[in-house]
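Each of the next two complexes has chain A plus one more chain, namely chain B in the first and chain C in the second.
== the complex of A and B ==
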């Protein structure tokens, strides 16, 4: 026979819920904030008629979720952090598509240099997402005039070996006179940012230290993006039919998927032997 | 501090609900298509005045806007319009209008310059777009576009004339040809 008073019953879900919201942990507050950014700014992209599925960004948020799990019940936030989260959440109310990027920028700048590795990881992931969302396009515009001719030149090299193509600035001329101009939107730059976010997500998911090996994996991923994008430009320049397929048709999805799979493979293999941190 | 944390959590959760509601409400608005530079394709402007210039003809392959005539130059001046976000590179422009034979003048935001201020124009566009999003006001063509004037090297194009012609082009935005 068991004495009823001797049994410590597990608190019901409702009681735990009330307890959690009565004195929310830092992890709960941060989780709610990142959930609001995700649900208001990123989730709707899945249902948008235009634009591609934000796979890389979703992996970034998965990394944030895993880092949040490591926070446990620790109290790490300062008074200013609460105010910043309050303001960032207010910014998110506005229906502009990129308010999430602004909110993540603020929170990212606040956390990215913190001594606590978990908060620093959240800050770095936030900044990487914000760069991919807003600031990367500005960076591209700043360097586009110099960068795009280099990418056109890279694409021209193999073509010049195969046929009498010509290069003028960022335009590649087919022997039959057809011209393909490499514009900023054709640049590998955005995909390089996406791959960098993917790498950072891998690093934070596996709780790895930055090392020469991990930086080498990042460099390999970036080189891969440039090579695949160069191949894409070459395919577009080769013939009008190819341009239609690789620039306007299903080829766009094929190359995006190829890039993603290759990046995942490079980071999986490249970071495979790296040691995890012993600290949280 | 416990109360402040609870308040913050309540604010974030409420923010999700309000933000979702505002996004659904915004999605119900009529789509605001950004203004376009389609007035550069209007054939009915040929022989009409554009600021101090007269439109001589449309560009043959619609790559550039108009070929213009002015009293100061014995050859045609080419004007084209482009979006700040997709501005052609200097190399592309030089490929079509080599510096040895042509002078190039850019007009953006009512100012003329010999080099296109790519970054500042883009930052201005971002700021305008941000303000437009906050106020839910539409953007204008002048926020999105800039004009490029290509003049034969031996002709001098006054900045004021280019600015006036650009303004005349901007005034055409939203005016449909019959």
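== the complex of A and C ==
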């Protein structure tokens, strides 16, 4: 391809790339930021030795990608936003594991109350990811002493109907004297946060406004998590063999998948048929 | 300056225990299969949003 001037024209892809770099759109800047956080903090978890897959966080980023797609070529960021994104990106350079969570918190607070639905959605999703990564864990540490006995009491109710179990604080005593203690790490709290992130992601993917129906779906998801976790504590307390299976063995994966499938079913039924009052 | 130092110290004290707490087990959807299922639902919802 030779232009009239005799200078070889750039292939369209290269020309588009150079144009994008020379005058980046808001979407490109935001995509670069979220892609950095995803690649630095979340993608490595897939290859981690523990082998656990960050499903809810990945769905959160999928929702961010879909919202970014809706952003199109619109110019929505203000001068201060560019500076904030620059600072947040610079923070990511630090190797501390939770810098991504801090950067997401800053960007989330900046965007979550914007009038533009798409920017607000990005802010809310950022905050939800940050809560799951940092702030939720901190909150659990703060309320653990009060929360865990309540969860132990919930688990004790069905057990007390079936046999002569006893409850003392956060410990459930089997009739044969065996004791099962409900620790903070056994709490349903983190899974409730994960379910809330899943719900928010689906809300943004579906492009819905908050309504009684959608909030009802969230409430149903949260209740489901508490019930499944209570059932798990009951199964662990029932016998030593059960404890081994449901706490250390394949039962962990079974309950993990059960919770996810139930949450997906509840949210699909709750959100798929809801009225789409989407704005842009 | 004192305010900044106090705030930073408070922040560190507040956040430090959080990172020492182990993650609970089981966590919701920690397998690739779970991710595929969730992606399927996300895809269906996105398709409905596009209609």
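The rule is simple: the second predicted complex is superposed on the first by the 267 of 280 C-alpha atoms of A that agree within 3 Å, B and C clash if a C-alpha of one lies under 4 Å from a C-alpha of the other, contacts with A are read in each partner's own complex, and residues count from 1 in each chain.
Keep this in mind: a residue touches a chain if its C-beta (ideal position, glycine included) is under 8 Å from a C-beta of that chain, and two chains touch if they have at least 3 such contacts.
What you see is a predicted model; the values in this text were computed from it and never measured.
When the two complexes are overlaid, the chain among chain B and chain C that reaches more residues of chain A is C.
Of the two partner chains, chain C is the only one that A:201 touches; chain B does not reach it. By the touch criterion defined above, A:263 reaches chain C but does not reach chain B. In the superposition on chain A, contact is made by A:138 with both chain B and chain C.
Of the two partner chains placed around the shared chain by superposition, neither chain B nor chain C is touched by A:177. After overlaying the two complexes on the shared chain, residue contacts for A:52 are found with chain C alone; chain B is out of touch. Once the two complexes are laid over each other on the shared chain, residue contacts for A:168 go to chain B alone; chain C is not touched. Within the superposed three-chain model, A:185 lies in touch with chain B and with chain C [touch as defined at top]. Contacts of A:12 after superposition on the shared chain: neither chain B nor chain C is touched. Counting contacts as defined above, chain A residues 138, 141, 184-185 meet chain B in one complex and chain C in the other.
Considering their complex, residues 2, 4-6, 8-13, 15-16, 18-20, 22-23, 25-26, 85-86, 88-92, 94-95, 118-119, 122-123, 126, 130, 133-134 of chain B touch chain A.
The touching residues of chain A, counted against chain C in their complex, run 52-56, 58-59, 62-63, 66, 97-98, 134, 137-138, 140-141, 184-187, 189-191, 194-195, 198, 201-202, 205-208, 225, 232, 247, 252-253, 255-257, 259-261, 263-264, 267-268, 271-272, 276, 278.
The touching residues of chain A, counted against chain B in their complex, run 21-24, 28-29, 32-33, 35-36, 39-40, 44, 82, 85-86, 89-90, 92-96, 138, 141-142, 144-145, 148-149, 168-171, 181, 183-185.
Contact residues on chain C toward chain A in their complex (touch as defined above): 14-15, 17-19, 21-35, 37-39, 41-42, 44-46, 48-49, 51.
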